[in-house]
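Have a look at this one before I ask anything.
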Amino acid sequence: MSTAESIDLAAATEHLQRTGQVQLVADWANSRAHSLHLAEGLSAEDQQVQSMPDASPTKWHLAHTTWFYETFILKPFAADYQAFDSGYGYLFNSYYEAAGARHPRPQRGLLTRPTLAQVHAYRDHVDRTLAALIGGAGVHPEVLRRVRLGINHEQQHQELMLSDIQHAFSLNPLKPAYQSRWPGPPARREPPQWRRLTAGMAEIGHHGVQFAFDNESPRHPVLIGEVEIASALVSERDWLTFIEAGGYRDPQWWMADGWAQVQKEGWEAPLYWQQRERQWRVFDLSGERELIAERPVAHVSWYEADAYARWSNARLPTEQEWECAASEPALSEQLEQLQTALWQWTSSAYAAYPGFRPSPGALGEYNGKFMCNQFVLRGGAHATPANHTRVSYRNFYYPHQRWQFAGVRLARDAQNRGD
Amino acid sequence: MSTAESIDLAAATEHLQRTGQVQLVADWANSRAHSLHLAEGLSAEDQQVQSMPDASPTKWHLAHTTWFYETFILKPFAADYQAFDSGYGYLFNSYYEAAGARHPRPQRGLLTRPTLAQVHAYRDHVDRTLAALIGGAGVHPEVLRRVRLGINHEQQHQELMLSDIQHAFSLNPLKPAYQSRWPGPPARREPPQWRRLTAGMAEIGHHGVQFAFDNESPRHPVLIGEVEIASALVSERDWLTFIEAGGYRDPQWWMADGWAQVQKEGWEAPLYWQQRERQWRVFDLSGERELIAERPVAHVSWYEADAYARWSNARLPTEQEWECAASEPALSEQLEQLQTALWQWTSSAYAAYPGFRPSPGALGEYNGKFMCNQFVLRGGAHATPANHTRVSYRNFYYPHQRWQFAGVRLARDAQNRGD
Amino acid sequence: MSTAESIDLAAATEHLQRTGQVQLVADWANSRAHSLHLAEGLSAEDQQVQSMPDASPTKWHLAHTTWFYETFILKPFAADYQAFDSGYGYLFNSYYEAAGARHPRPQRGLLTRPTLAQVHAYRDHVDRTLAALIGGAGVHPEVLRRVRLGINHEQQHQELMLSDIQHAFSLNPLKPAYQSRWPGPPARREPPQWRRLTAGMAEIGHHGVQFAFDNESPRHPVLIGEVEIASALVSERDWLTFIEAGGYRDPQWWMADGWAQVQKEGWEAPLYWQQRERQWRVFDLSGERELIAERPVAHVSWYEADAYARWSNARLPTEQEWECAASEPALSEQLEQLQTALWQWTSSAYAAYPGFRPSPGALGEYNGKFMCNQFVLRGGAHATPANHTRVSYRNFYYPHQRWQFAGVRLARDAQNRGD
Amino acid sequence: MSTAESIDLAAATEHLQRTGQVQLVADWANSRAHSLHLAEGLSAEDQQVQSMPDASPTKWHLAHTTWFYETFILKPFAADYQAFDSGYGYLFNSYYEAAGARHPRPQRGLLTRPTLAQVHAYRDHVDRTLAALIGGAGVHPEVLRRVRLGINHEQQHQELMLSDIQHAFSLNPLKPAYQSRWPGPPARREPPQWRRLTAGMAEIGHHGVQFAFDNESPRHPVLIGEVEIASALVSERDWLTFIEAGGYRDPQWWMADGWAQVQKEGWEAPLYWQQRERQWRVFDLSGERELIAERPVAHVSWYEADAYARWSNARLPTEQEWECAASEPALSEQLEQLQTALWQWTSSAYAAYPGFRPSPGALGEYNGKFMCNQFVLRGGAHATPANHTRVSYRNFYYPHQRWQFAGVRLARDAQNRGD
């Protein structure tokens, strides 16, 4: 290889790398702006409250996503970085044991100080320092890698900002709307059809060079049986039929733990459904409304999704089945509401993929330590930021949790066809 | 009596009555302004939070005290009164069963709507209507009576605004000050002396024409034994001695329920005392500070007050003893910190006076339905609004509660003199 | 005085003292036998169980009453006493902090070892040693004093054995009878009449040389108002009227804490009342039965007693009123069901009498440390051992507790007469 | 085929079938006797208690295993069967919703009636009827199938009788032994070695005609990676090293839920390990003893097993890996403590096998409704009845549960070899 050629190659490489960096900085700036955009219609008071331990205040999300950059990039990589406030490390650590002690999660809503204005100043401080660090040449590749992680991290919190404020507003008897024109998940265009997966050996898990979380790796082979998957999600009308058929009163459809939960909590419908004068009303980001027949039912727990599936003489798909269905071009073309409507509960307990190794250090706590007692959801929701999800994405929640944007896509063993 | 005389008398009466009304309106306006004044240094976020079910947000106090006037005066007495917002009756009822359903107490902190600005508008609306109603002639005497009650009610909430915000701030690791120059309760001028009460038959309870709550009546005879009462309150230095003597670790000083509470909650000192590097620090409305030796110890529960008294070879005074001591001119001149420092726990369970009859209707719920499981406190605190308290005043809290401005004045049976 | 005379006097004194001792030993032996007699119809399994933390197993009662003698008499006073089992001190201490650590109260029902047979052997061992100690001459007077206390202590546990086994049996769907012919509290002979107390100064508290608990002293003056007391207890028929009038559904009759309890526990009737096919059934020591119209209603809490009284336009008597009524010969002759039917809730919070001093040492924990948060009951129940109670006797329980043999006698202010 | 031949064939078939039935009846009789044998050393009191909601009284186990036969065989199949007691259906149903209402699980320990003697009579009654039904010719095949299920069901309860009584005894300060010579799980003969599994496609799940539970089917293909499994279980000495290395104090080894559990419960060692004067003592069925270095550590939760594995730079095997290892003759010969020592936690969440269908009716509740939130254990324990377990057997418990006879066998990815 001649020198000229090698020089060209280096330049090209630098160009490519530089292009990637430019894109990264743009993505980062957009994602930072988007968080503030989501909070725009909310008063300082709205951004203060925490309606349950699972949820966090908007203001806390704004601060924590900033803390993430400060802790994992600025402190280790920005020379002479001065922390904005030495107390914030304690206040805005979410769950990283290796990052030190932290404020008790159920008390996030009590932090009236720092004020929202101070949190905005904190964001500005960190953003300015980080922009200077990543905008120039010679950035350490690990910094760029962590910025990409930070963007994805903030995107997850953007979705949480929406689910959490919806929960808080739902407990206010005035039933305020987050945004009266919020569109919600798209209704299905057609009644669901059963679509056949290709049986046999397949592969799932992340591949390629784009960003993915550590829990999506390593890519590995799986066996797929003779299975069919529904082309669309279960709708509000479908769910009403389940309710009216006594679904919430008959233990035969439920896992034992689910039935115990139904009885303890007095569940009679999805979260945010309330009966007023014998009419069901649904509360969502647009306020309170009537049922919309073809809109996918949201805010159901895994217990409910599983019971509904059993009542339907079907089942939930495994996460392997879901990913294979979404990865086969011919098949995925036939599936609607795949990543734009609601997360879809799978029958798979959240666990490590064969050969999984968490990242070293505190960032290894991001996903790995939650790999028990939760179930995987696949897809993506109307509230998920654009470009955040992908077919290998693994979302996970506890089977009793309902405040997320979660719905149901059914599957069944193909021999069911004659049923 | 001649007609002329009787006319004079009528005019005089009207004058007097009119004077009383003018004073009442002035008191009312002052008390309304005072609530807003207390909230001045607090952000909308500060005014939003509720740090425990016992406490309420500042904003809620501002709204509830307004609801009280709207519900008990404007709705029944102001012709054609239009409620500011039909939903507020539900949101801002505290505990009046007869006034209808109400928002669950532990969820007051979730009411980000109405906003603080809307609550201010609510206050304006009610104040304007009420001012018009009570500023003129021919006001129904019951209206004036209820305005006086409303003023006293709002004064109670003014003290709660302070105790509640102190509690909320105490849970913030940044330890914000409500007002960095807040003076706190006055230190005693002299070491406490034992002062002898006059033994025998005496009378306690409200008398005269000034306002008093229903629970201070009827006035009735009591028997006072050979008793001595301390001329000043137990101080922070005194309490430190108790702590260092192992007072929180030895069950012999404690009621069984108190000891169970100490162990369950891990109490080692008064609420708001924290040890940092072997030094006790006290959090109060002025922020975090060192102990002040002669300042009266505050934020102790009845259990602690009672245990401290037993350890001191003394006891708490009964409420009868306290009131008699405070009513004897010669004796009360010898007692400091009587109504200006801290409320003082008595050994008396809160109960109805002989012949007590609560007011009819919803207002009868004001005091009567709490007459079990609580203990009486007497006196008044530095945080109590001016002119709010009196010697017959009966404050009451549960024996485990500590977030109020409560301290300890000791008593003992006179035969103790030789000890 | 001549020598002869003085000798006679000494002999007479000794005779008297000796006679008292003989009586004491007989009483002691009877009370020991009575505990076993009460347990006769119960299997080893019945005597094992603890149905809630407030209750204790029969076997535990048999052992604990024995531990009491061993700990407070044999160990300090019997020379060379060998403990039956060194582990029992830990197992059978109830609540005496000064007597050392103890087995957790809620786990008493788990002590399958020692077996019932071993507990019987423990009783034999202690009884034999104690009989030898107190049967002879020259016994230390403190020993005799403590034996009298031990007898009264065991009598209290005899009543608890009955209330506790009734509670355990009530939770068994087979509804076993403790004794199918158990008579229960006597029905009233006549409808209740209002009886007037003598108003003015009176005295209450223990006097004389007979045994009484420390909490009944010192005797002291009290003021009695113009009061009337009911000649008989509230009956099951009366209570049914209260239920059917919606008494359990209307907050206006209830203390706030009581109403919260009603709602939390779903109370609709006294403990042990259950509706089967629209008929109320009552479970008691004789098994399940129909209502008995004139029998006094039992197993109501203070909250219920207080609410019932308010609904009846009456109130509960104070303990001072109750004792004065029971002490006035002319009046007490007119009151039925005074000490033989059910304990009667008073409106008096349990507190120290003026000048009260608990006994020194561990025995001072017997009563004194419970003097908060409880209410006084007066009288005695059909389940109370003979000769155990007296007019100055102060029983005490928490206002929510219902498993004791407690009922209601009403009082009212005399000016009520015209109502 | 000639007639003679076909006759012979029929006789042979009948003979075979008959032989199977004879064996079944013998197995059944043995298993019935074995339950009583296990209870022999326990007093009626011992057999009464329930030390926590997860455990049941011995007496209840004796009755419930009888109820199982009565409900699922005698009532549907024995003509004119008279229930022993009509109330027992309610008392002794464990969790079968389709079999009607049932006594609350946490209150099983309160059922002093029926007495142990009555439960023995119940067993006799059912056994006599069932023996008559299954001892003769012409028995319905479904009856025989259910008897086999009943035997296996009772065997599961036999193991529970042991784990439950050990738990109850552990809470007794006297630390009684169930059987002082109880041998416990066998110590490993050699230090553990890593053994390589055959990678690639394999099959797991029940096959053949012997009894298996429904959750072991259908047999299905699985993929096995490059994996090594330990030849022996983790020992008490190994675990002590983990404790002393601070394993219970360092969150890096723990799942987030596990770490929360450690902190909430104050775990510092396996259940039944207690430190006395700086020496660890272990309580088991033989009483309290010192550590035994090579004995497998028992009574650890999944959380602990998982944390230990991570600390060891290893992991738990999946249930697929475990079953394949145990099924490969060459490999399983190299593994000790496979089914005779302790159940072994796997990393597999308990879930349905592909194509799983629960049995119809109430018996379908046996396993299927528990297929969430639990983890699979494989192998068998010293306390497991002989002939009860097999390589396809799937035991399952919640990850926090510790009172079962559960231990740890490690696995690792083969690329670990160079570590």
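By written order: A, B, C and D. Residues from 1 in each chain.
Quick note on the criterion: contacts are C-beta pairs under 8 Å (C-beta built on N, C-alpha and C of every residue); 3 or more make two chains touch, one makes a residue touch a chain.
Since this is a predicted model, take the numbers as computed values, not measurements.
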* Structure fact -> Comparing which residue numbers chain A and chain B contribute to their contact, where sharing over half means same and under half means different, the two sides are same
* Structure fact -> Maximum distance between Cα centroids and chain C occurs for chain A
* Asked: Between chain A and chain B, what is the separation of their C-alpha centroids in Å?
  -> 48
* Structure fact -> Distance between the CA centroids of chain A and chain C (whole Å) is 61
* Centre distance in Å when chain A and chain D are each reduced to the mean of their C-alpha atoms -> 38
* Structure fact -> Residue ranges of chain B touching at least 2 other chains are none
* Asked: Touch graph of the chains shown: is it line, ring, star, complete or other?
  -> ring
* Structure fact -> Each pair of chains that touches is included here, namely A-B, A-D, B-C, C-D
* **Residue ranges of chain B in contact with chain C within the complex** => 95, 97-98, 220-223, 225, 251-252, 254-259, 302-303, 306, 347-349, 351-352, 354-355, 369-373, 375, 399, 413
* Asked: Mind pulling up the chain B residues that touch chain A in the complex?
  -> 43-49, 51, 59, 87, 90-91, 103, 107, 109-116, 168-169, 171-174, 176
